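My questions will all concern the structure given below.
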Amino acid sequence: MPVLEISIIPVGTDQASFSSYLTQAQDIFERRGLSYQVTPMSTMVEGKFDDLMSVASEVHQLPFQAGVNRVITNMTIDERRDKEMNMSSMVEAVKNPK
Amino acid sequence: MPVLEISIIPVGTDQASFSSYLTQAQDIFERRGLSYQVTPMSTMVEGKFDDLMSVASEVHQLPFQAGVNRVITNMTIDERRDKEMNMSSMVEAVKNPK
Amino acid sequence: MPVLEISIIPVGTDQASFSSYLTQAQDIFERRGLSYQVTPMSTMVEGKFDDLMSVASEVHQLPFQAGVNRVITNMTIDERRDKEMNMSSMVEAVKNPK
Amino acid sequence: MPVLEISIIPVGTDQASFSSYLTQAQDIFERRGLSYQVTPMSTMVEGKFDDLMSVASEVHQLPFQAGVNRVITNMTIDERRDKEMNMSSMVEAVKNPK
């Protein structure tokens, strides 16, 4: 299953913190039953490609719903079809190489 | 209208060039009537949010259709709701500030 | 020569525009004699690897000098050693494939 | 202290896996005494700005030393000067908001 990394940056708010949107994003992932991992600079989510694009759209809307005027959303999708891939195996391959 | 920046990187092919997928991506943007701009490291496209996510999905599939096993796609969406924004005005604001 | 793509996002300012930092960044590139290209969502610069890292550091500081408290800087460096690469040839390969 | 997110993608190798470079990158971070965290899609490192740019340069070279012809390196630096920031507090703010 592909993995999505997503980060959203609200621009033009007078606060330098924006973790509250990421807290809300977790609710979206949990409601949809998607495995996710919060990292210091982004959130990573595992799922079918279409589901990942769909939650990315939903997460991008969060700051607008709170009245923010500009949002910059970065997304990376890593998809591999020759072998199984998931978030745990990706970390394991780096930490404990065969 | 929001602007999407997209780049796709096929991994595990024995060629260090992959511009052919970007050439195909142009056909997708033109067929859909979306304004786009090819830059040295990405393609930028202007359109409604849902249309941008939809073409991003289509572009991500291109290397798989050619037999590539792994694709890493980077996307950034910049959306602003307090004033008009388009690709030309974004470049103009940098080059000829008021 | 490698190519750098850089974008800087000031966070926690009450303005949704931040093109003025990119205008200043152009002065840095010109002073150093580096070829660059302003795109709607970033600036791309061509140069030796160490020079690119050095200008990236300088550009990252610009919003702090103006009093901004938080800056998120995205950089991508694409470097190829098997053949000549420059910003023009990268666009040309997409638009007019052989 | 600022946080760096870095990912390196070797292009034009015939293998779809490239975790070995990230394993080597860990050695670089440890030798320099920098805190780091391996995530499914990147590595995040905490340190002084100049140290982060310096290790990023070193990590970018790893695939070339192994004979790869093209490397695309993505880096994001998040720096905040109005309050303490580190990798743990960034995750904590999302998971357990006040």
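Points to keep in mind about this one:
Order of writing sets the chain letters: A, B, C and D. Residues in each chain are counted from 1.
Keep in mind that, in the parts below, a residue touches a chain if its C-beta (ideal position, glycine included) is under 8 Å from a C-beta of that chain, and two chains touch if they have at least 3 such contacts.
These numbers come from a predicted model, not from an experiment.
Look at the contact of chain A with chain C and you find the same residues on each copy: over half of the numbers used there are shared. The centroid of the Cα atoms in chain A and the matching centroid in chain B are 19 Å apart.
Mean C-alpha position of chain A lies 25 Å from that of chain C.
With each centre defined as the average position of its C-alpha atoms, the distance from chain B to chain C rounds to 18 Å. Touching two or more other chains at once are residues 12, 16-17, 69-70, 72, 74, 76, 78, 80, 82 of chain A.
Taken as a graph of touching chains, this assembly is fully connected, with contact between every pair of chains. On the side of chain B, the complex with chain D involves touching residues 9-18, 69-70, 72, 74. Here chain A touches chain B in the complex through residues 12, 49-50, 53, 56-57, 60, 64, 69-82, going by the rule given at the top. Remark: chain C residues 3, 5, 16-17, 19-20, 22-23, 26, 37-44, 74, 76, 78, 80, 82-83, 87-88, 90-91, 93-95, 97 touch chain B in the complex.
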